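Per-chain residue numbering starts at 1, and chain names A, B, C, D, E and F are given in the order in which the chains are listed.
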């Protein structure tokens, strides 16, 4: 019984920590979704930061993203730092807080494309998240998710008569898909099966997004 | 006892499968890189570079494929074939693309940036592009000359599934060539794909995955037809 | 044992079904080759050759079909009918196409290469083409003259499913005729298909494959309407 | 339009005839289920017709089965005889009225076992259904269904302390399963796939029934 | 063109598959009849007749199996193997039963109808029955003598799946032998099956269907254990 | 390209996972052979040999396990842990058995071949056997002495899942010990398992595999209780 009392205490501690990670991850997810929504609502014509009005709107999104980083630090990172073995705890609960980190990466990648029409690189993403250590898988899976947002923006913009976005989105998604497909030949060896299935599913979705954007481009060219 | 021998045999099978899987993973990386190369066709007006580069990469793939298949004991091709089946299909698919663009005329002089003029020529248009044969795929992998006894092996079904995949890729390509302002290639693509599709209609499929791929072809052909129709209107 | 009688009966049934399946596979090849013949309508401006060739092939199909059905014992048509059901449907579908193009005027003189003029006539245009009847399908298969007692049999549902398939094929054809520069036929096709569709609306369906085919017709009709609309602007 | 009016009339006639067959089949099914239930309620100790009381009860079931045959004649058979081509209509609507015929065969087979502990043979079943022509498939599929009823009776009887039934049922089901499994190697060639799947499913159920009865026998032997 | 050759090749494949299927169906009838023969073990106390009869039938099955396999072209064993896989498994399963009952002592003298006495001997009981090997299965099919080069072929996986099926059949048999009043055989069965199960535990399965069968073995063993337990109580 | 850094990282990860998998497969074979050794408990009255042999094998397993874990970089235990999770669970399960039989008294003197007498003692019977702790499992793997800093690591959940598996195994064993005529051990097993089960009831589980294993324990305990009941009558 003494043995099981000790075991019970250890299990309970795990349960509670797990719960805290779940909550921190969920908070980050919600905030990241809101940040993406905010970007989607910006008139895409504002994208190239041409005037003061644009700069104001853009500055506002910057604040949103600062808050996101604050949430990461005050949530998942703080919880990790409270444990004696940072790295160990990181991996023990990685699956639990992954969704939040991936959604954050998705928001960052979408914002980066919004501004520069380019892929947000791994190194740059790591720097943005620092001192939180970003795992390659969270980067890739978050990046893949951004493709859906890019597609949505492209379709909406072309419906509003702004044609350039669709072509930019098409070439962006094409490049992204090629890179991700290429890398997926390597992840197959490096990742556990469930994670690989996740990536494969996202690649299929990305292919469909690309197809939709290419159809838009084709219609625009007629 | 008897089980020790069985255990050893199973162990050997497991190890072989493991080695084949590793080799297949390497081949897979090369095949995906070949497809990346060929995806340049979607956004570069002049395709000669992309096709030449792909030709080059085929050699590496060929030797990797050879290495893989030489691990397989005599008579066990079909036992392990499912491991590299997807690779084979993707290779055939890429060979179809390469061969098509090598034999269709280069986009240079006869490139019609004048939509109306190309329309006028439309009813007499034919397409000289060749459909890659199963033997040609093996030649493209094995090296330049036609080998009397190819060291590589490709199942007939893999070849046909690869053709289906290639035609679908060409259908996707047609829309994107229009985006690039290339109106001539989509016509040729449509003509070519319709011809291949007509060939497929002659076949009697009792095989499920082949029949499904063939059914999917129909949509690719319809898409090509509607692109042709759009170009005409 | 006690099941001896049952076993014997099943053995006979099995052998018959086997023979029917073989015969059906042969018929299937011939039907596919007929469809390939008719697919020339999609890319040849003048259709007379394709239609005449298809007529020719129908004879072979008819005798193969007869051979198949004469294997079936008296009164057991519906017992084995599931085996060749798909064949029947595809035959009806092809007969609908042949009959349409035999009775619509040839594209020669009245071919409107003047878009504007054909547009003017549009609202008064009618179409003389005839919808093949179930008896006519049997005649086309049996030989020239109307047989008093046809040796061949076609189920009512097979006939109706074949009509649905034929209308779908005509819708696809309309877009491709536009691509060939033939603007008159699509109008006639649209008129014809709308008429047939109106006929179908008179029928009561239960919840089966026929109802699904009928539901799919709606999309074919919409596609034809949008082609007609494109031709007008 | 004239063409389609004629087609419509033909289709409607089919729909109505089909409806009549559905109804006739359903009536037969319900009546057969009731007959089976009546047999299940008979004390199984009455089975060997030992006394007058038993004979009375048995005579009552005979009446029930006479009514079943009447339903077949007045329903499906009458409808078939009303058409010009009996055999043709038989096969055209065979799938529609099959469930009723199979349930009737099941009831007959169960009753036969109840009385004699033997398999009701095809020839004997044909004679009982005459002049309705019984198809081999309906015989086999109905017979298979009877195994579930035999199992139920055996389990209940042994719970009531009557042991002989379970052993009889065990040997009956074993024989039946062997015969049916053997025949299923032939039906695979002779039947369309859907019918074969039906048989395969019923054979699995029959195997489970046999297993249950054998378990009862085993417990009884301890 | 190229498609004609493909069509011919597919046609040949289809025909071969059809012939194999027919031959397989015949083999299937024979295998089921063998199993019917062996099911006599469930309800006849003396098993010598049943086993001898099964032996006899194995010869017919062997020659049918040989006929089937000789239709398969060199090197294509694994391409078509899935067609007769179930047959192979059932054959192995039956061979396991036959071999078990041929090598365990006949039920005659040492048959213990005295429950208490057999209980006393229990802890020292061993079982002399032999587990059939893969080569022995081939010998049993090919004929009496050990062939240097067996004309028949059995995949290792088929053999192992057959063993699993055989053990499950033996577990079912154990309960039914108790019903027959035979208390000695269930003990031997339990000992034998536990030994085979111990052998299986040494194997490293990476294969899905094998692992599933192995997992199912566990329940068979538990059932045997509980029968043994019941007999003791 | 831009993904070069990512590709390199993945390549390293892939190689490591590959090496771990190979090492894990070797460990798996050793663990299965340990379980085969322990399965002797089911059919040998005297267990001392089986337990001593298992102890011996644990050493080999320990060093293989150490080799595996030392491949894992600092702090990445949980990143790769899924690979050998099943091995860990089976090891704990076997350690529970070994420890139980090392600490329960040998069956020699206090072995009750007198059923009635043992029944009398039943209500006051206790069991001295010890439940292996997580640290003890590590000691058993690492060597004799308690290491101040164990080189091996076991996750808490793996330990608990292993206990559940061990209790299940003990329940199976109880029935088989009865068959061997050993009536004393089942009583001790029942007492011991009930104690452990009481411990488990103190824990809070979330909805995961651990909860499912705990739920399954209930049936094992019921089975033990019914054996105890049988022994009493």
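Here, a residue touches a chain if its C-beta (ideal position, glycine included) is under 8 Å from a C-beta of that chain, and two chains touch if they have at least 3 such contacts.
For clarity, every value in this text was computed on a predicted model and none was experimentally measured.
Q: Identify which chain pair among A-F, D-E or C-D reproduces the interface of A-B, meaning that over half of its contact pairs, matched by residue number, are the same.
A: Residue-number overlap above half with A-B among A-F, D-E or C-D: D-E.
Q: What rotation angle takes the CA atoms of subunit B onto those of subunit E? Round to the nearest 5 degrees.
A: Superposing the C-alpha atoms of subunit B on subunit E needs a rotation of 180 degrees.
Q: Work out the mean Cα position per chain and let me know which chain is farthest from subunit D.
A: In terms of C-alpha centroids, the chain at the greatest distance from subunit D is A.
Q: Report the chain whose CA-based centre is farthest from the CA-based centre of subunit C.
A: Most remote chain from subunit C, centroid-wise, comes out as F.
Q: On a C-alpha centroid basis, what's the spacing between subunit C and subunit D, in Å?
A: For subunit C versus subunit D, the centre distance works out to 42 Å.
Q: State, to the nearest whole Å, the distance from the C-alpha centre of subunit C to the C-alpha centre of subunit E.
A: Taking the mean C-alpha position of each chain, the two centres sit 53 Å apart.
Q: Please tell me the distance, in whole Å, between the geometric centres of subunit A and subunit D computed from their C-alpha atoms.
A: Averaging C-alpha atoms per chain gives centres 62 Å apart.
Q: For subunit B, write out the residues touching at least two other chains, lowest number first.
A: Touching at least two other chains: 14, 202, 204.
Q: Can you tell me which residues of subunit A touch two or more of the remaining chains?
A: In subunit A, the residues touching two or more other chains are 182, 186, 189.
Q: In their shared complex, at which residues does subunit A touch subunit F?
A: So the residues of subunit A in touch with subunit F come to 1, 3-5, 7-8, 10-12, 14-15, 18, 85-88, 90-92, 94, 119, 121-123, 136, 139-140, 179, 182-183, 186-187, 189-192.
Q: Flag every residue of subunit F that touches subunit A in the complex, lowest number first.
A: My answer: residues 1-3, 5-7, 9-11, 13-15, 17-18, 74-79, 82, 131, 133, 156, 160, 198-200, 202-206.
Q: Taking the touch rule as given, give the residues of subunit E at its contact with subunit F in the complex, in rising order.
A: My answer: residues 122-123, 191, 194, 198, 201-202, 204, 222, 225-226, 228-229, 231-233.
Q: Spell out the residues on subunit C that touch subunit B in their complex, using ranges where they run on.
A: 25, 28-29, 32-33, 35-36, 39, 42-43, 45, 172, 175-176, 178-181, 227, 230
Q: Residues of subunit D touching subunit E in their complex?
A: Against subunit E, the touching part of subunit D is residues 167, 170-171, 174, 178, 181-182, 184-186, 188-189, 211, 214-215, 217-218, 221-222.
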